[in-house]
Structure formats: C-alpha cells, structure tokens
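Alright, structures below, take your time with them.
One chain, chain A, appears in both complexes that follow, with chain B as partner in the first and chain C in the second.
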Partner chain A sequence: MLGEILNPYYLQVAAFIMINIILAISIYITLSSGQLSLGSAGFMGIGAYTSALLTIHFELPIIVGILAGAVVAGIIGILIGIPALRLQGVYLAIATLGFGEVVRIIFVNWESVTRGSIGLSGIPHMGRELLRFFKDIGFDPDMIGLKNNQFIYLLVLLILVLINIILIWFFTRQNKSRIGRAFAAIKMDEKAAEAMGLNITYYKVLSFAQGAVLAGFAGALYAHVLAYISPADFAYHRAIEILIFSVFGGSEVILGAVFGATFLTLLPEALRFISEYRYMIYGAILVLMMAFRPQGIIDASVLNWFKKNLKSKRGTNHGTRINKNN
Partner chain B sequence: MRRVIKKSYLVITALMLVLLAACGEGSGSGSADSKGSSDGPVSAKIGVISYLTGPGAAYGEAITNGFNLALEEVNEKGDVNIELVVEDSAGKQEQALTVSQKLMSDDEIVAILGPTLSTEMNVVAPEADINGISILGTSTTAAGIPQIGDYVFRNSIPESLAIPAALEKAVAAYDVKKVAILYGNDDLFTQSGFDTMKKVAEDMNLEIVTIETFQKGQSDYNAQLTKIKDLQPDLILASALYNEGAVIMGQARKMGIDTPFLGGNGFNSPKVIEIAGEAADGLIVATPWFAEKENSKVQAFVEKYKAKYGMAPDQFAAQAYDALYIYAEALKNAGEADRDAFRDSLAEIKGLEGILGEFSFDKDGDVIMDPTVLIIKDGKFQIFE
Partner chain C sequence: MLKVSGIETYYGKIQALKGISLEVNEGQVVTLLGANGAGKTTTMKTISGLLKPKLGKVEFLGEDITGLRPDQLLRKGIALVPEGRAILSSMSVYENLEMGAYHRKDNEIKKDIESVMAQFPILEERREQLGGTLSGGQQQMLAIARALLSKPKLLLLDEPSMGLAPLIVADIFKLIREIKNNGTTVLLVEQNAKQALKVADYGYVMETGKVIFNGEAKDLLEDPRIVEAYLGKRASTVESVRS
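Moving on, here comes the complex of A and B:
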C-alpha cells in the first residue's frame, strides 16, 4: 500500500522544493535587513564544493561535509560582507553578483581541485549512503514493503522536511527577537536605526552571513542529492532564480519565501502536459505578478486576513456579526 | 509566534498531501497490458528525456525529430511497436533527474533515450543504473559516461574516438610536428575535448607549442592568435563549439594564419561555413555523420527529414535516428518488454547498419565505429583523404 503511493518522481520534486525553500529563506534573511544580495549562487557553490570535496577526498561522513560547507560559506560571507556592505541597493547587488561570478570562474579554473568545467562526479549520495547504513544494521526496506529507491527518496525527503521545519521555526523566532527588530529597523531607515544606537554594521553583516550560511547549507545538500555538480550550476541564473522565489512569494514574510519556492518549483513540473510552452507560462505569470502584485503573493496583510478568517470560523463570536448586517 | 510555526507545519503537510494524492492517480492505472504477446509484434514504451526549452533547445528539437522520423518507419515495419514518452529537461540537471524518476517509476517504460547534455547524463545515469533500466545517450560525448554502469550506453562518438582519427589523417597529410591547442575552459564539452586532444597529441609525440584558453561568448581572440602565429605550429587543435570556433577561424585567417584547424565534435556544423565564409576552409573534423555520403539510406533519411521538418538534418538528428533503430533491434531480439531482457539484448548489438555506419557496443556500452574525417574545402564539407 505504502509502496504504491510513494512515487519517486513526486518524492524527488518535493526534495528539490525543500532545497529551494532553504535558498529562498537565505535571500529572505538578507532582504529582511534591506540588503539586496545576488551572491547566493556563489555561496551555494562554495557550500556544494566544500562538502563534495571533503566527502570525496577525506571520506568524511556526509553530515560533517554539509556542516563544513555551511560554515565555510558563512566565513566567506563574513569576509565579503564586511567590505561589501558599505555599498547599498543596486551597487551591493552588482558587487555580490560579481562575487558569484568570481566564485564560478575559480571553480572553472582551479582544475587540479575542482576538475574545471567537467564537474565533480561520484559525490556520495545522501539517500544511498543511508540505505547502506540501514542495510548494515539489518533493516531492509522490503520489510515495510518499499522498493530501494522509494526508501532512499523518502528518507531524503523526510530529512529535508525536518531541516526545513527547524529553519522556519528558528527564523520566525528570530524575527520576533531583538535581532529581527533590528533588521526591520535597518530596512526601514538605516540612518534612523543608527541614531537609535543600533550597531548597523554588526546587524548587516549578521544578516548577510546568515544568508551565506543557509545558501552554503542548501548547496551542500544539493550536491549530496544530485551526486554531481559542475560550475555551470552556480552561474548567475541560479542567483536570479533564487531571488525570484523570494520576491514572487513575498519578500516581507518568511512564508512568502516558502510559498514562492514551492510554487515556482512545482509549476514547471505541473505544466509538463503543455511541454514546450511551459516556460512561456512561467514567464507570463512572473510578468503579471510584478504588474499586479509587486510586493509578492503573500505579505503581512494576507497573513492578517487569514488570521482573522480562521478566528471567526472558530465561532468565538456568536451573533454579533448578524446584528451588524441587520 | 506559535501560530506561525503551526502554519508552516500546515503548509508542509498540505504540500505532502497534495503530492501523495497526485501520485496515487498515476501509479494506479494499468501495468499488465504492456507485455507483448508472443505472436504479435513486441510493444513497449520508451522514455525520452530531451532539452526542449531554453538556450539549447535546438539540439533537443533535432534529436526528437530524429526519434520521431525513425519511430514512424520502425512501427510501419511491424517487428516492434514502440511508443515514445517525451519529457523536457530544460537543460537542467535537477529537471533531468526528476523527469527520469517519473519515467523510471512508470513500469510500462522499458528503457530511456537521452538526456541531451553530458552534465545531465552524469546525474541521471547512476540513478538509471541503480533502478535497472537501460539508458542510451545520443549526444553525450564526454569521457567516462558509459563506464558509469552496466545499464548505461551511448551511440554518439566520443571525442576519444573522433579526435585521434582526425589527427592521424591530418598528421599524415601535412607532416605535422608542432601543434598549438586552443580551447574553451568553461564548458564541459570543450574542456573534455581538450583533455583528449592533449593526450592524443602527447601519445603521437607531437610537440605542443602552446595551450591557450578562451571563454564562452568571447568575441576577440587576437591575443591568443598572435601568440600562436609567432610560434608557427603546423596545425591548430581547437576544442570549441561552432559559434566561437567560426569566429576564431575568421580572425585567424585575417591575421594571416593559414595553418589548418582541427576541431572536435562541437566544431562540426554547417554553421561554421555560414558564419566564417571562406575563412572556414581548412577545418578538419571527424564526424559520424556526413550528409553527402553516397549511400541510399543516408540520402533517403536526408530527403525525408527535409520534407518533414523543412531543414537539413544535423548530426544530432542522425544520431537520434540511429539510436531508435538500435533500440528497436534490441527490443525485437529481447522478444518481450522486460527491462533486464532488453538490457542484455541491447548490449549484444553488433554490426548494426545505420545511417552513421556500422555500429557495435564495446564491453562498457561505448561506441565502436569508424568516424569519417571531413575537411572544409571551397566552402563545403568534403571527405578528407
């Protein structure tokens, strides 16, 4: 029964949705302090290559590789962030876009380590390693009626879902905290925030570095889900795609990023039945979206509307509304 | 705050439910009717992963056209009855992987053709191998692909076969001692071509006077060409795609370099002549595909293709056309629409006559075939003697 329902195709799409959500959150975090950074593809690449190289050459466990990838991306994020965050708006966008390209060119040219544009293959696959582990301890997916690849992708998806829940929980908490308020203040008005005594350099670098860590983390996951990476994966197209996830869904709230990544990853798959035209529709939706709803699908007022409606449906207020209507 | 967490749970759960519900529909529908009965033709579904949207869509289109043309003929013949399920990968690894999962999880699909790019193949092939479904690349020429697993094949001539053939003939014809190499280092295809060129040149004891690089989309190659001109090589090995390659040749000839060029598979396109004009004279390439070959099969293919799609077929269309014939033959020999039986009979294909020539697989699933060496002379591809 379970075996029939779990189609690896849907599990795979869902896994990519989860990775894209992490990427969308990474750009949401930098946007939440008013920084437009397009370096996420570069950080993603750093995370992916770090983790892939560590696990291939030093045979470290995947989890160590992934964490190392996130940490290295974070450190580079801080190093880049301190000078780059003197820039604002489009200038920062261009500088970070440039950074992403530099990273890609390094991957292309540092052939002795990265194998240039041939890319790295034979990266340990998260699911396949886990399957081996489970088989070693005497558990076979057959026992619960699953095929090997169903089991692999189910595990990968569960792990990614868990990671996402933790991340979303963490960042919604952070938004309500001192740090989140500081980010919002800086986004509203940098000068005013500084005048109120906020150390804006610290907070800006913090939000930039958080974005870098998340992007590196997502990149490392990407490497271990695909088992092959090449520099072309981390070109500026990727940075733009990630930005669109967040802007489309709504860059003011974290759920916007989640929604944007989910919707825009599902869309091309859902539109498969019209084959060649699907990216035309994808483009058209983006254009319409920017024309009619530049703040993104989900913003604070949409959330409030939901909150209100959910509350009134719970039926705490008897009769009051009827009176009003009469 | 707690509400937000709850909501995010809700969103994720809802999402999972949608996905689960959606897959319930797909996998339920019949799977028993695909096995061909022993007396009629074997019928089977074959999955195709192709690059149909995005900047490289022209490749995917040519490939799918090739498949469709061959499909009509194969089904008309009546030995087998094949149905193609074509899916787009948009040239992205993620999409190629997800769509391959879609095809592999459909039990009716016996084997897969494609994907178009070597980068996509690197991601899809290990997955196909684990799931025990044959996959054959018609345009993936990078090194190491059929070696990924037992179920991975290709019918496109790898650079390691094409370049030595071309180089041997060129060395014999021009008495080459010194070569210069020029390659694009930010593309899997040209990089892999360069690795082969360097190795072959070293194996043949040629002196490599310089190695120069360029990037995709570059428009000025004077710096590299000036250096090459001073060193006076007897032959220039250029691992480039035709769009950059044609510009390089144009600038080289203007500069007064009249050394012949030797290119890889990506340099082999009639577009080179279109872009570079007279400057394209002296380009040597080894190719499986030569449209002017005096062979009735080749000519019939070219004519049919032109009539149906309104343009001349390129090597991608030709390789795809042959690939479908290879699959049809394997399916006929297997006698049933079973993935493992299909794989075994595919691996045994030997000496199959196609429009590219006589085709066999080696033990890895790689190509054994003699490429044709061509040279551009008087604005036309001709056989290089």
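Moving on, here comes the complex of A and C:
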C-alpha cells in the first residue's frame, strides 16, 4: 500500500521543493539586511560544480563534497561581497547579476574541467550511494515493501526535509538574535543603524555570505539529487526564479520564502496537463500578485492573524455557546 | 575633550569645509550655528566618521580619531543623533531603545532603559508603539534617548529642532539642558540660533565652510553682527515685548 502512494515522481518533485526552499531562504537572508542580490544562481553553480568535481575526480564522500561546495561559495561570497556591498539597491542587483553570468560563462568555457556546455554527468547520486550503504549492512528495501527507486527517493526527501527543518529553526533563531536585529535595523534605515554604532559593512557582508553559503549548499544538493548538471542550470533565469520564490511568498518573513518556493515549484507541475499554457498562467499569477499584493502572500500581519485565530479557537467555542443562550 | 583642527572636507571636487577648527570642553554645551549650506552638518558628519576629511585632525580625549567609523567612535564614547531623526520605523519604541545599547555588554541595559523612560514619560506611555507612528517631536525624543543609552561622554546633536513646532522645540532645548546637567558634554548643530545660544556655553558661527565668529554664548547673543545676521532684530523685539 505504502508502495503505491510513494510514486517516485512525486517524491522527486518534493525533493526539488526542499532544494528550492533552501534557495529561497538564501535570498531571504540577503534581503533581510536590505540588499537585493541576483548572484544566487552563480553561488548555486559554484556549490554544485565544486561538489560534483570533488566527488567525481577525488572520490570524496558526498557529504564532504556538499560541505566543500557550501564553503567555497561562502568564501567567494565574502570576496565578492566586500567590494560589491558599496553599491546599493538596483546597482548591487546589476553587479551581482553580472557576477552570476561570469560564473556561468566560466563553466561554459573552462572545458578541460567543466566539460563546457555539455555539463557534468555521472555525479554520485545521494540516494544510490545511501542504498548501497544500506545493502552493505544487510538491509533491503523489499523488507519494508518498497522498490529500490522508491526507497532512494524517499530517503533523499527525508534527508532534505531534515536539513530544511534545521535551517528554518536556525534562521528563525537568528532573526530574534542580535544579528537579526542588526539586519533589520540596516534594512529599515542604514543611516540610523550606523549612528547607533552598528558596523554596517560587517553585517552586510555577513548576510551576503550567509546567502552565498546557502545557495552553494543548495546547489551541491541539487547536483547529487539530479546526478547531472550543466551551465544552463545556473543561468540568469534561475536567479530570477529564486528571487521570485521569496518575493512572491513574502520577503519579510522566512515562512514567505518557504511558501513561495513550495507553491511556485508545485504550480508548473500541477498545470502540466495544459502543457504549453502553464507558463502563461504562471506569469499571469505573478503579474496579478505584483499588482495586488506587492509585499508577497505572507507578511507579518498574516502571521499575526493566524496566531490570533489559533489562540482564540478555544475562546470562540466558548463565545458561540453564550450566543446560543442569548 | 574634543578638538577639531583645520579639517577640510570635500564632496567630490567641491570643497565644503575650508579649514574648520573648534574645541569642546568637558561638561559644556557647544553650539555650531549658521545658515543653510554653511557646512554645519558636514562638520558634524566629519567628526562622527560619516565623511573623511582630506586635511586636518579630529582628536577626542587626546586621541586621534580622524576617519574612524561611527561604531568605533561609539565605543570610545561619542554618540550621534543624525539630522532628520533616524528612527527605526517598524520597531517599537522599546526595541529602538534596545538598539541604542547595541554595543554594550553589561547587565545594566534594562535598568538604564527604564531610567531613560522615566526621563522621557512620553516614551514610557508608548513603549510598544512602532517608531514610525510617533509624531516628529516624539521621534526626536526617541532618537536622543536612544543615543543616551550608549552612555556617551560626548553627544553630537544634528539640528534636533528641525521641522518641529515651537512648543516642542522648547521641550527639546529643556532636554538638552538636562543632559548637560547630568554630566554629558554636547556638541549641538542648530539653525535656531537664539535658543541654541541660550543653552550653550560657547558658540561657533559658520559661513560657507569657515568659522566666522566664535565666543562665549552670552557674548554672541549680544554681538550686534550676530543679532543682525542670525537672530534678527525683529525677533529680539518680539522677545522683549513678550518678556
């Protein structure tokens, strides 16, 4: 029975939702200190290629590759961030967009290492490696009534869900900490924040680098979930897509990023039956959205509304009874 | 306490300050006066590290602080209330005050916030209200209160009375006097020359990037050249009729 529900296709879509959530959080973090960066696709690519190359050529364990991908993206994020963060608003967006294109063009042209636009195939697949591990210790998916494929995708999904829970927990905590306060203050009014004695450059580079680390991390996961990457995966449209996840869902709160990534990953899949029209509908939804709710679907007031309603659930029952008595 | 010698600051190729020198002694309120475009705010920005001078030196307690960042200055005891009351508009009054003590790591912060609240009853009333929903005068109070929470030795106030109603301006100046009585040194940039000279001990008058007069505040208040140029004869007759 379990075997029927766990369709590998659904599991794969769910896995992409998880990866997209990480990407959306990465841009949410940079936006939370008031900076619009379009370099996330570039950092994602750096993470993906770093991890893929390390695991293919040096046969490193996948987990080492993924962590290396995140670290390399973070280091490049700091190096790019220090000069780039002198720019503000749309200038920063253009500069980071340029950075992303440079990264992609390096992937295309550095053929001896990246194999150019053909891309890298044969990247160790996270699920298959894990399956091999489980088989080595004498466990077979058949024992719980699953096919190999189902087991692989289920395992990958569980790992990604776990990673997401940890990340969301961490960044929710950070938002309430000194660092989160500093980000918020810089976003609201940079001059005021500076007058209060915040080291603006430090916090801006910190949030930029955190975004880069997350994007690199997500990119590395992407490489090991798909087992194939090419420069086209990390082009300009990817950067825009990631930005839209966060802006559509609501860039003020972390749940906005989660919602945006989930909804916008599911939407084209759900609309698959009308094939070529689906991206038109996708586009129309985005246009309507920007016209009627520019702050995104979920913002602080929506969250407050939910909190209030959940809290007053018990109270409402009580209230209706009084009404009946009247 | 603060000694500025011969600073020259440029915006690109345009020279805004042509060698400003001034001194602030401990426990004093010193005011910097002048018309629009005289370079008052530029001087303040240069002292507080928002702009770097091409020439000249800023010293604080005998230490060269030229070109240090605002956060470094705050650690040395210089707090700035910037022009236009920079308030964090979507944070509550209380959170704004907490941000003022951001760099402090002692355990007195909560106690100090409460004592500042006691000094500013209007902020106490509105502690949960968002900064952006306060009136102009209240925002200015909040900006000053926030700067005080960093426990500065020297407070830099940039045009605190700008755009406020006369009654509120009077409150602000009363507050500056209180701050002085509590032992904090103040450098005050103002356009409201008469009020500023009344609270100040010493004054500097600037014009097109230079200091043109300086002296004891009470002397400046009576100096005919200053009365004519900055206080206005009419204003003084109105004042004498009132009193």
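As a working rule, the second predicted complex is superposed on the first by the 315 of 326 C-alpha atoms of A that agree within 3 Å, B and C clash if a C-alpha of one lies under 4 Å from a C-alpha of the other, contacts with A are read in each partner's own complex, and residues count from 1 in each chain.
As a working rule, a contact is a pair of C-beta atoms (placed from the backbone, for glycine too) under 8 Å apart; a residue touches a chain by one contact, two chains touch by 3 or more.
The structure displayed is predicted, hence computed values, not measured ones.
Ranked by how many residues of chain A each touches, chain B and chain C are led by B.
Shared-chain residue A:Y91: touches no atom of chain B or chain C. In the superposition on chain A, A:A184 makes contact with chain C only, not with chain B. In the superposed model, A:R272 makes contact with chain B only, not with chain C. Of the two partner chains, chain C is the only one touched by A:G197; chain B is not.
When the two structures are aligned on the shared chain, A:D233 is found in touch with chain B, with no touch to chain C.
Shared-chain residue A:F170: touches no atom of chain B or chain C.
Residue contacts after overlaying the shared chain place A:T262 against chain B, while chain C stays out of touching range. In the superposed model, A:S121 lies in contact with chain B only, and not with chain C. The contact sets of chain A with chain B and with chain C never meet.
Touching chain B in their complex are the following residues of chain A: 4-14, 16-17, 105, 108-109, 116-119, 121, 125, 128, 148-149, 153, 161, 164-165, 168-169, 172-173, 176, 226-228, 230-233, 254-255, 258-259, 262, 268-269, 272, 275-276, 278-279, 307. Those residues of chain A that touch chain C in the shared complex are 178, 181-182, 184-185, 188-189, 191-200.
Per the touch definition, chain C reaches chain A in the complex via residues 48, 50, 69-71, 73-75, 79-82, 86-91, 95, 98-100, 102-103, 146-147, 150.
Chain contact summary for the complex, chain B toward chain A: residues 1, 3-5, 7-9, 11-12, 15-16, 19-20, 22-24, 26-28, 52-54, 57, 86-88, 90, 93-95, 97-99, 101-102, 104-105, 119, 122-123, 126-127, 130-131, 142, 144, 185-188, 191-192, 195.
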